[in-house]
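Okay, so subunit A shows up in both of these, paired with subunit B first and subunit C after.
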Partner chain A sequence: MRLLWLSALACNGNAHSLLNYPGFQEWQEDFHWLYHPLLPSRYTFPEIEKGIEGVEVLIVDGTLEEGLIKNRLPYRELLLRYGDQAERIVTVGTCATFGGIFAQGGGGRSGLHFEGDEHLKGYERFWEKTVSLPGCPVQPEVLAGTLSIIRRRDPLPLDTLHRPKYFYAYTIHDGCTRNEYFEYKIDEHHFGTLEGCMFYDHGCQGTFTHGSCNKILWNGVNSKTRAGTPCLGCTEPDFPREGLWRTPKHMGIPARMPLGVPRRAYLGLAGIAKAFRIERFTRPLMEDEGG
Partner chain B sequence: MAEVRLELIEKIEGEAQVRYHYEKDHIDFAEILFLTGRGIERILEGRDPWDALAINPRVCGICGHAHLIATVRALEDCYDDLQVSAKAKQIRELTLAFEVLQNHFKWFYLTILPLLELKAPMERVLEPSRLLGEMIALLAGQYPHNSYAIPGGISGEITPVELLGVRERHQRIRKHFQESVIHVDLEQFVRCDRIETMLEREGDLPRAMQRILDWGWERLGRSHDRFIVFGSNDLFEAGKSIGTRLRRHLDLRYLQESPIQGSRARRVLYRGRSYETGPLARAMLLKTPLTREAHRRYGDSLFSRILARVCEIPRLLRYTESLIGSIDLSEPAWVDPGPLPVEAEGVGIVEAARGSLIHQVRVGEGKIQKYRIVTPTQWNLGNGSREDPGVAQAALIGLRRGDPAELVFKSFDVCSVCTTK
Partner chain C sequence: MSSTTERVDRKAKKREKIVRTALKLFAKQGFYTTTIPEIAGKIGMSVGNLYNYFSSKEILAQEIIREISAYLGSRIREVNDSDLHVREKIRRIVSIYFETARNEPEMIDFFLRVYLSNREVFHEGCEGMICVNEFVTEIMIFFDDGVANGELKNQDFFSAFGLFMGYLGGMVFLNGERILPRRLESYIDDISENIYNALKVP
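And then the complex of A and B:
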């Protein structure tokens, strides 16, 4: 399958992230890069500007900016030309999907179909064929996996923002090693420890952020929340919100509830869980049960 | 006959344009232009200072971790008296060094070898890149773009299990270096001071250096022969050197940034002069034997620059190995520093893969008032004038048609996104 990777305002993190895919060598046998910002490709960028044929999947990376010119042609012209040519369009990363961090750095900046959660109409004719792969950066398994599913023409169920369900139906909270502290409402957390949950004080957005970070694991080995960093919500339209390391509160309780959980339900469960004061969760994990 | 040609340089973490001015058969002047910019410094203004820990790694997809470490150092510098355990410092040094190592491998295999028309199996770059990403992730949660370094230490706790994972992969990379890059004992290589001894060995490094000699390119790409290094740790020493004359003392007040016409990059000077930063500069300050020998023979040419960078790999491997061995896991990973002062200024300096990276923050009313980032590529790629050309410009000027201008350019390992931020 022939892929064309077009970067707008990017950090190149998505391109580098893909190189970490453990099965990269084998995976790549099924794909040809017409253009990729790092890897050997069939064409040079000026040739892409001149015009090529045969694009099957267009990969859009980076925040779009009105009037952006990378070399000679407006980026928009390239997008329209190759967007029409491609069977599918994949927006890779949060920048290309929702605008992301760089959308805050100047006017006229957005993702391909969204500015935050506002659905834009500028490329509406591509909406049906677009798949959104937000993440800052995207996990390599998510990008490689989605492209493979597209290539095999297998069904690819999407959510309302066009994120593939296979990867984004989960929340980051699923699989976090700090889960028990959340379940039993142990609201004390200190950095530099294995214990505790960052939901209550330190801004963790894992319970309402879609993605597979704690299911697939980053680089196959770990995740932010396992390493004591709050989930910053990087796969969601409002990334990056202000004050990423603090939990906004409403009457002393985190203002934002876990996905789909009514506040009343949360408060009810929290009350019961807290009442039990389970001793195990107050002890360091590495300490003896007797000690 | 004067002629102007505009060329696009691609695959440098973005692109740059170079406008070459030819006079007869040689380059008489070259302007380096970066067309796009993102405005990270502006994005930071008005935000909670800790947000910089999340945003700044996104300056760059290849060296973002250096930006994280520079950020945390700048924030910590805002405190009067802040405790960070030796353990947390060592772990941060480790993840930073792993990224530098990864960048060196990527640059040598993906950028330099193809320009020398040398082939190597893709796995030679993929394997170390992936392993080093895993090593960072084991300690920091993920790679690229983690935010685990926070004022007071690191966000999580490390157990012997993570360190074991790091150790095993470290060994693998060491083997990889000896099997693929140069077939020689690491210790021996670090002491080696003869180019011929290096060339006699098998491996991709001697192949590359031999190719440069065979094609007669070893003296190309010479610049001002002025070097600067701001960061220091147990591996690198700060200072500047003009040719081989060293001065240790540097003062950030002498740093000036100025806009470049027609480009989104800013030039940076020290006391009004441009300096080269990066592995060659670091080697010149340390007087490492092999690089010094290359410099003695060929000056600050692309030969010396490429050799200096690859020669950093074994040094970094030894450095990280000793760091891993010295970590005392019983120390705290994080010591609560208390709230960040509401009014403060801080500086964070890091030796990143491509050279010195400097972050400066001013906090007012508890928010970021001003944030300034000076990247290595700004030193190396910033444009000057005909009378006073920048570092890469000076390296390009004088090249003849048919000379490898792209290789000269890329010997600095340009990072476009870092240049324009």
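And then the complex of A and C:
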């Protein structure tokens, strides 16, 4: 399958992430790079500007900016030309999808179809064929896996933001090893020394962030929340929020509830759970019984 | 009505009667001086039969506090579900509390004189705030909404909770001791205003 990768304002994080895909070598035998900024490709960027044929999947990376010119042509012209040519478009990473980090740095910046959660109309004719793969960066398995599914023309169910459900129907909270501490409302007050859940004080957005970080571990080893740093919500339209290591609260009550959980239900359960002081959860796991 | 539902119905009514009677006695004479035979006697049922409903005096007292909490919780929930300005919401909550103190004085008496004073009765079964969960949850929701709307100052929950509920409890206590020179209701405006001033965004 022939791929064209175009980067706007980008840090190359998504490209590096793909290079970390454990099965990368085998995987790429099924794909041909017409152009990729880092990988051996059939064409050079000036040739892309001049015009090529045969693009099957257009991969859009990085934040778009009004009037952006990468070399000679307005970037928008390239997007329109190859967007029409491609069967599918994949926005890779949060920048290309929602605007992300680079959209914080200036006006007129957005993702292909979104500025945060606002649906833009500038590339509306491509909406139906677009798949959104947000993440900062995208997980390698999510990008490689989605492209493989597209290549096989297998069904690819999407959510309302066009994120593939196979990877984004879950929350980061799903599979986090700190779930027990969440259940009994025990925060980790000491980064790095005591296990605990970071929902209450330390800004963890895992319970309302869609993604597979705790199902498909990064580098096959770990995830942010397992390692003890909060989920920053990088797959969501409002990423990045201010104060990522703090939980916004109203008189001690988390301002945002876990996905779909009514506040009354949450507070009722939390009140009950908090009443029990369970010793096991108040000591570091690696400490032996004697202290 | 089938005989089974009739029986269930009768049992529920009896249970309710026990709770009501015990509430009155506990509130008036305290937890320790009130005995199970006394409660049973008042209702005209045997001691053995009462134990079929509640296996101990402690469990009966715990049930009572749960019911009080559910009652106050449901009243405050109506306030929370309304679109009123926070100032008016405070007034309503104060009114509910004082109204309850007047119409159901045993409820508030039980809360202050048994639940808060005989903590050992509630240690097992009512850990933390479990038995007053419904009430506390509604107060939390009231605060949360107030802060979210920019009307209340964002501060520590217990500092705000203590200020609000401690104040009301104190006034009802003074009223019960017949120390207040005026009727409890006549303080609603001033007290609501004080609470609002203390909790609002500066």
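In this section, the second predicted complex is superposed on the first by the 286 of 291 C-alpha atoms of A that agree within 3 Å, B and C clash if a C-alpha of one lies under 4 Å from a C-alpha of the other, contacts with A are read in each partner's own complex, and residues count from 1 in each chain.
Here is the rule we use: a contact is a pair of C-beta atoms (placed from the backbone, for glycine too) under 8 Å apart; a residue touches a chain by one contact, two chains touch by 3 or more.
Bear in mind that the values here come from a model prediction, so they are computed numbers and not experimental data.
After overlaying the two complexes on the shared chain, residue contacts for A:K249 are found with subunit C alone; subunit B is out of touch.
In the superposition on chain A, contact is made by A:C136 with subunit B only, not with subunit C. Of the two partners subunit B and subunit C, it is B that touches the larger number of subunit A residues.
Looking at the complex, you find that subunit A touches subunit C at residues 249-253, 255, 263-264, 267-268, 271-272, 274-276. Considering their complex, residues 7, 9-17, 19-20, 22, 24-25, 37-40, 44-46, 63, 65, 68-71, 101-102, 104-106, 136-137, 190-194, 213, 218-229, 232, 240, 242-246, 286 of subunit A touch subunit B.
Against subunit A, the residues of subunit C that register as touching in their complex are 127-130, 133-134, 136-137, 140-141, 143-144, 146-148, 152, 154-158, 160. Against subunit A, the residues of subunit B that register as touching in their complex are 8, 10-11, 13-15, 17, 35-36, 38-40, 42-43, 47-48, 50-51, 53-55, 58-62, 64, 88, 110, 114, 122-123, 126, 129-130, 133-134, 136-148, 150, 152-157, 159, 165, 332-336, 417.
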